[in-house]
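Have a look at the structure below, then the notes.
Note that the chains are named A, B, C, D, E and F in the order they appear, and that numbering of residues resets to 1 at the start of each chain.
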Amino acid sequence: MAWDVVTLGEGLVRLTPPAMRRLDEATALDIDVSGSEANTAVGLARLGKSVLWVSRLTDNPMGRHITRRLSGLGVDTQHVIWTEKDRVGVVFQEDAVPPRSTRALYDRTSSAMSRIRPNELSASIFTPDNARMLHLTGITPALSSPANNTALHALKRAVEAGWRVSFDVNYRAHLWSSDDARTGVEPFLRAADVAFISRSDAHTVYGLAESLPAQRVLDTVAAYYPQAVWVLTLGSGGAIARERDGKIYKQDALKCTDLSQTGSGGAFSAGFLAAYLDGVSVQDALKWGCAAAALKRATPGDLAVLDKHDLTRLVQGIK
Amino acid sequence: MAWDVVTLGEGLVRLTPPAMRRLDEATALDIDVSGSEANTAVGLARLGKSVLWVSRLTDNPMGRHITRRLSGLGVDTQHVIWTEKDRVGVVFQEDAVPPRSTRALYDRTSSAMSRIRPNELSASIFTPDNARMLHLTGITPALSSPANNTALHALKRAVEAGWRVSFDVNYRAHLWSSDDARTGVEPFLRAADVAFISRSDAHTVYGLAESLPAQRVLDTVAAYYPQAVWVLTLGSGGAIARERDGKIYKQDALKCTDLSQTGSGGAFSAGFLAAYLDGVSVQDALKWGCAAAALKRATPGDLAVLDKHDLTRLVQGIK
Amino acid sequence: MAWDVVTLGEGLVRLTPPAMRRLDEATALDIDVSGSEANTAVGLARLGKSVLWVSRLTDNPMGRHITRRLSGLGVDTQHVIWTEKDRVGVVFQEDAVPPRSTRALYDRTSSAMSRIRPNELSASIFTPDNARMLHLTGITPALSSPANNTALHALKRAVEAGWRVSFDVNYRAHLWSSDDARTGVEPFLRAADVAFISRSDAHTVYGLAESLPAQRVLDTVAAYYPQAVWVLTLGSGGAIARERDGKIYKQDALKCTDLSQTGSGGAFSAGFLAAYLDGVSVQDALKWGCAAAALKRATPGDLAVLDKHDLTRLVQGIK
Amino acid sequence: MAWDVVTLGEGLVRLTPPAMRRLDEATALDIDVSGSEANTAVGLARLGKSVLWVSRLTDNPMGRHITRRLSGLGVDTQHVIWTEKDRVGVVFQEDAVPPRSTRALYDRTSSAMSRIRPNELSASIFTPDNARMLHLTGITPALSSPANNTALHALKRAVEAGWRVSFDVNYRAHLWSSDDARTGVEPFLRAADVAFISRSDAHTVYGLAESLPAQRVLDTVAAYYPQAVWVLTLGSGGAIARERDGKIYKQDALKCTDLSQTGSGGAFSAGFLAAYLDGVSVQDALKWGCAAAALKRATPGDLAVLDKHDLTRLVQGIK
Amino acid sequence: MAWDVVTLGEGLVRLTPPAMRRLDEATALDIDVSGSEANTAVGLARLGKSVLWVSRLTDNPMGRHITRRLSGLGVDTQHVIWTEKDRVGVVFQEDAVPPRSTRALYDRTSSAMSRIRPNELSASIFTPDNARMLHLTGITPALSSPANNTALHALKRAVEAGWRVSFDVNYRAHLWSSDDARTGVEPFLRAADVAFISRSDAHTVYGLAESLPAQRVLDTVAAYYPQAVWVLTLGSGGAIARERDGKIYKQDALKCTDLSQTGSGGAFSAGFLAAYLDGVSVQDALKWGCAAAALKRATPGDLAVLDKHDLTRLVQGIK
Amino acid sequence: MAWDVVTLGEGLVRLTPPAMRRLDEATALDIDVSGSEANTAVGLARLGKSVLWVSRLTDNPMGRHITRRLSGLGVDTQHVIWTEKDRVGVVFQEDAVPPRSTRALYDRTSSAMSRIRPNELSASIFTPDNARMLHLTGITPALSSPANNTALHALKRAVEAGWRVSFDVNYRAHLWSSDDARTGVEPFLRAADVAFISRSDAHTVYGLAESLPAQRVLDTVAAYYPQAVWVLTLGSGGAIARERDGKIYKQDALKCTDLSQTGSGGAFSAGFLAAYLDGVSVQDALKWGCAAAALKRATPGDLAVLDKHDLTRLVQGIK
């Protein structure tokens, strides 16, 4: 089997003022890489899974920086589609500590990924023996119509190949409306074996009040898409999951010192999926997800540069 | 109206080892700007108020650095008095996290500001229509006799113009004795509409024991200067205020992660005054003050580079 | 008179790896500002001229960085047009020393400046008493049709107001073809009092062989647009100029150590125009231009952060 | 008396990625100095004690860096043994915040210190009038057989000179087995006036379960070596000590923000020994130890660059 | 064909003070990678050749840094032999500008590469169809007896597979005597199709006076090993080559600004070999070598991070 | 003999923008140490001479930084006079490459050194056996009347002790007038065995036209003070010296790449004096002076951090 997980998404150059400086006052920017699927791919690779990350990038130093960084962290980038045209998306990211908010200034208009076409995906990827799972998020269908078509195409091919499907709703208000999102993610959720949603996305996309008990949220989304194991992330409240049979599992968040407040969502799904693919119980997969999220927050930058040894120790330490 | 607030004070070049290094071991220093009134001016400007900061500076790269930084943050510096002589004050500042103390090595001897003369203040500033408030602190009268005379002159002209007066006691032990301070701040406090004092200054300058209940402290200082709204800052205890009619309002400090332990006093008065000038209640002004102080502590450097959006969100989150 | 010179052009955030590192290997980028007209504006301001720089920028930290930097260097930016939409152009710039070439990766698609409209220009700018000269370059008309229309509109209004016109051909191959350029710059050159062109642009745009003697190049372009004083820049060969009466003046380049190979064109025109506006001879203006270009090359970054004292000393040292 | 304390140990160049970056992703490394005995020496010197640090180093920039740093912090390095051969040990250290672990990649094979011979120690050091105490740790005997012999030689000479002996068990699993350690530290503990051991070393070296009450641990080790004052460090639990007469003293850890998780052990012994040598009670010495450890954690790098003023204030603040 | 060139050699972590600081005063070190064969491999990869670099490294962050950097620059590192033991060699390198000398403090004792054994080389590498050339240098046989045996083994297998052989004498005085070197390189030179030697190595290893005309040097070494095309590098004097038939070709050095004085030898052989493998004339290959060396000197760090576009332009510019 | 050379002068903290940035735009400053006598002391120490540097400094982190840096480079600072009062002088230094000028913004008002008193000099320094030479410059007498008195006192005691005297005219226009300088340096020059003067100081202080042949300059100053060996430094023209018998020796400057344009004067005198004290010929001492100056220019910062090996090689290479 070539890969445990195949994923598709946009990679952004993340430019961040050092030492929590304000973007408004920065005189230099550290170069990092960002992107929810890329982040999950890195986390999975660091936990020993083989991962293929597919994207479309402009062939210039910024585009090459993205693949060099990801492959340096163990992610397979051989099927990235390179173009001479378009541009590489950039996010100017201001890291912060509470009570300051982090700020993200997305500059991804006309990005190469937003112009990806289904027929650019290498057909050789989607064979039954090549992978066990396709992981997608709600960001790719929101990027553009071509990106949506490509994500749907990948989904179709993966399902045909008999792979499992993981989907993270990951609603981004600056990319589409909540109505569009609800409709847009439907085909993906309908095919999902594992589905991730955050509390605030459940509120925004499905109108489920933030005061609703977590289990009720899970029951509601599971009523729509009952074939999936549902994972609801609660930020500082940890995470809660629902098996197909309705059983509920909870896990508190782990205590951590924040060096960066971004990227913990992608780290969570990496931790959860790595464990899930190993066939552990949903309860244990939640532990891996929460531990990975905590470890990520204690790591500078956006990517889930986890350490398997650290993570194992943390998970074992959870009572 | 040209400005909401006019303020007068010394601007210092603040040289700080990066990454909380010790001054004794630093190999490089980050350049920042410091000064209580400049700090409040920046905070007010970031919250949308128009502010004039008046000072006297030597016309060299260090002096120009101060005005460039302040005007880049929205403060009007057009009435700064430039001289070819004297020098620009410097503070070598060691930032620290608890239980280490921050260290400030002041090097302000013979500074241009300590030699300011009343007749150097542009007469055109002090007209009734030009501003709503003059903000001063106890640092300027403590700097030197000429600085004291100039502060008194500004006070007189502001009162004549019908502006309101804000005064922050801000006692500095390395500049004058507590006896001199008590006498020195008297004319300013007698004219103040709003007066700020910290718990430890109340102890040092007025001999009010630190064990005395906060309300008793307020009642005592208000007995001396009953015409002012008094605000007593309590550090991690938040702040407490007393209306002229004796009513007491309290506000807890907001939880924050410290990136810098300096400048929160200036941020507090900026938050309080911005709200106060908007005509909100003293209770609400305390919220703005405490939120601004918390936001400042989560911001590197000395200046109150606040974000109005963040601050509004924080204030709204206070129960 | 409000301004000596008014100019209009795009401002870019310039992101550069420190210490001449390769973009392909950079891990951090220094933030600077770039743009030919902005550069000339900075140079003029540093030489004591009052300059208005007009542009259109997205109101975000990157856009504000551009105006903060320029106004910090003495350029008036009050008529910049701010928008919530579009984006701020970026140039990833790799500095280099010979025989390495500098690299510029322009990322200015959909920039706010490319969508400027003539009616956004403040009408109050173009009065006879407001300025002495309008300075434009061939970059703005090349950016987009709206930018071209706006530049033409500014030209028309300036001519009506009786200002003099300076124009720098500044051909950019990635923005338009040489044929389009030749046609596009025509209205500007027809109105120019001073016109700048580089040797290689004379070759590309007007087909004048690089082996043609410099004087012949000048005579040819002057045949097309005889009303202008023509300045031909020759890189390491210095510069040569032609008065309207056909008289030729030459100036060798000054020896310098390169800290940055970009921005010397803008510095040259700043030096030349500052002298020209002071009414010195063309021969002397060439000296100022060449000295400013040399000083710029010895200065890091893209902007002509000149020092008038240095420049005067250099010009006086030219035999 | 030449020195309050003489100590002997390895000095390492400590190379650390800035800003808590991962070693796997670092592009630059900050140079610091590491070594338990060097660290204690620095702490003692900063608290006003005169300290001689003896070691063996290769005479190259890295070796000289170590002595320059230590002598710059007040430690006497005049008896360091310089060689043209061997190498200077290096530790690549990854700092971290919880729940990430710090990582240390020791690269000390064939170091100059591991090849020190007893007869290289200057005989002039060990006279009765020269010092009051010899401080050693379990690291030096673990380094190599020559290092062990040299430590034993120093011990013998110190005892003959009538100095007191301090010994910190400081077990390092990568240098020797727990069985070897138990035997190896025996001669040092038999001679010790003060002995330090951590909870986890008590477990590893003496098989005392981590669940055993701290006092029981102390009683057990004191049964083996009853002539010593025993100090058991408990990490976040503070420290507990046992006088020769069996009296027990406890001290909670002080609250602190961690800038570095290494070096607090050496800081603790510096604080404890500085007080102990001043003749204060064991209870008070524990306060100095715990306060020094807290202050160290709030200081970047590995060395106990303490400030006596800070420390005194902290100790006085302990109830 | 899997690779154009296969090479074998040690990879070192190169730690360098930024901004040409002295090692004796450095407070931080930039991490780079060094090693003659690695350098040539990078240069070849940047010029479009496929290259396999074989080495033995300890599996820790420093070892992984080396392969990550090389593969990020396009070199295939899949056959690197990883071990849990030994250490990664380090070179503390002080860059300098004339007349200061660069300094290299090699710390490679007990490195993993010095303990490589012939049977650790993957047998699958050396098939006739896998590669066109083996490139070795005199450093590897000098490292240790096991390294020498492994280099001899690789040579034997490459010759059996019908590959061509390139050998760079590259004498290192700190690794072996000139007598040992002369004997040691013999088997490699006897098999070489292309041989590189510097003027000073010709002097040291073969006793050929530095005053001897370059052609005489070439004739002498070619008398020993007549089957090779010989290239003699002359530093600022460029290079000179001798065809098997005795024809001599010369190329002057290109003018350049030095950002780093190391690595130009490896860049030269990369440029020469890339052209040579393309079948150009020896005269043209010399141009490529000299241009690559010049470009390298204008690039920070040790590695030949060349740009093919730059290099082509430079070569075309050589008259 | 305790010291080869004793010197007395001010030590300044030198704050410099990295990477040749302009002071007007700096955001950080590198900390270095400056001072002509300190610089010569460092150069002498690096060349193996024992040197005592005497000064008066405020006991704070900046003052301690100066002695720590100097003693780290081998200079004896045990007789520095420490005070709790006054301040440490600062120079904000802008490094530059030609044709930009370096800029120095001196901020030394009220410095501790300017208030040194003769009786603060330790009497134990000036014994016949303690040193061979006293080195002074014209900067110390220019600082203040107390500094002048102290320098005169040191001169008197050194002469009484039978030491030789070296004096560098080193005129500083911002400290005194040329008339005051001419008178002020007289007692020092009258006692000098070796006297240094630069071409421009000969012009400013003694009115000797810059067009006057160098030998004529030497003859003129030697007519005033015939007892001294006179050395005239000519910048890029090298140096020329005159023995007491009138014999003239010349030495061209060595070619170098400039990393810093300051400190070469102090490096020159260090090189010259080190050789002179070794008893070499004046011709050879000039070689050492010029080589040291060239090496300094290739070294970042202000101090003559020379390398004896490099210097010896350079001197040997001079034809």
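What we mean here is this: a residue touches a chain if its C-beta (ideal position, glycine included) is under 8 Å from a C-beta of that chain, and two chains touch if they have at least 3 such contacts.
Since this is a predicted model, take the numbers as computed values, not measurements.
Asks: Please report the minimal path length, in steps, between chain C and chain D on the chain touch graph.
Replies: 2
Asks: Give the chains in contact with both chain B and chain E, ordered by label.
Replies: A, C, D, F
Asks: So chain E and chain F are the same sequence; what rotation in degrees superposes their CA atoms, nearest 5?
Replies: Result for this pair is 120 degrees.
Asks: Validating interface symmetry: for the copies chain B and chain F, is the fraction of residue numbers used by both over half? Same or different.
Replies: Over half of the interface numbering overlaps between copies: same.
Asks: Of the pairs E-F, D-E or B-F, which has an interface that repeats that of A-B (more than half of the contact pairs shared)?
Replies: The chain pair with the recurring interface is E-F.
Asks: What whole-Å value do you get for the distance between chain B and chain D if each is reduced to the mean of its CA atoms?
Replies: Computed from C-alpha means, the inter-chain centre distance equals 45 Å.
Asks: Could you please state the distance in Å, as a whole number, between where the Cα atoms of chain A are centred and where those of chain F are centred?
Replies: Comparing mean C-alpha positions, chain F is 63 Å from chain A.
Asks: Listing for chain A: what residues touch at least two other chains?
Replies: If we look for residues of chain A contacting two or more partner chains, we find 18-19, 22, 24, 27.
Asks: Among the chains present, which pairs are found to touch?
Replies: The list of touching pairs comes to A-B, A-C, A-D, A-E, B-C, B-D, B-F, C-E, C-F, D-E, D-F, E-F.
Asks: Which residues of chain D touch chain A in the complex?
Replies: 19-22, 24-25, 96-101, 258
Asks: Please name which positions on chain F make contact with chain E in the complex.
Replies: Within the complex, chain F contacts chain E at residues 18-19, 254-257, 259, 291, 294-295, 298-300, 305, 307, 310, 313-314.
Asks: Show which residues of chain D lie in contact with chain E when the two form their complex.
Replies: Residues 15, 18, 22-24, 26-31, 60-62, 64-65, 87-88, 90, 92, 94, 105, 107, 109-110.
Asks: Per the contact definition, I'd like the list of chain A residues that touch chain E in the complex.
Replies: Of all residues in chain A, those touching chain E are 68, 71-72.
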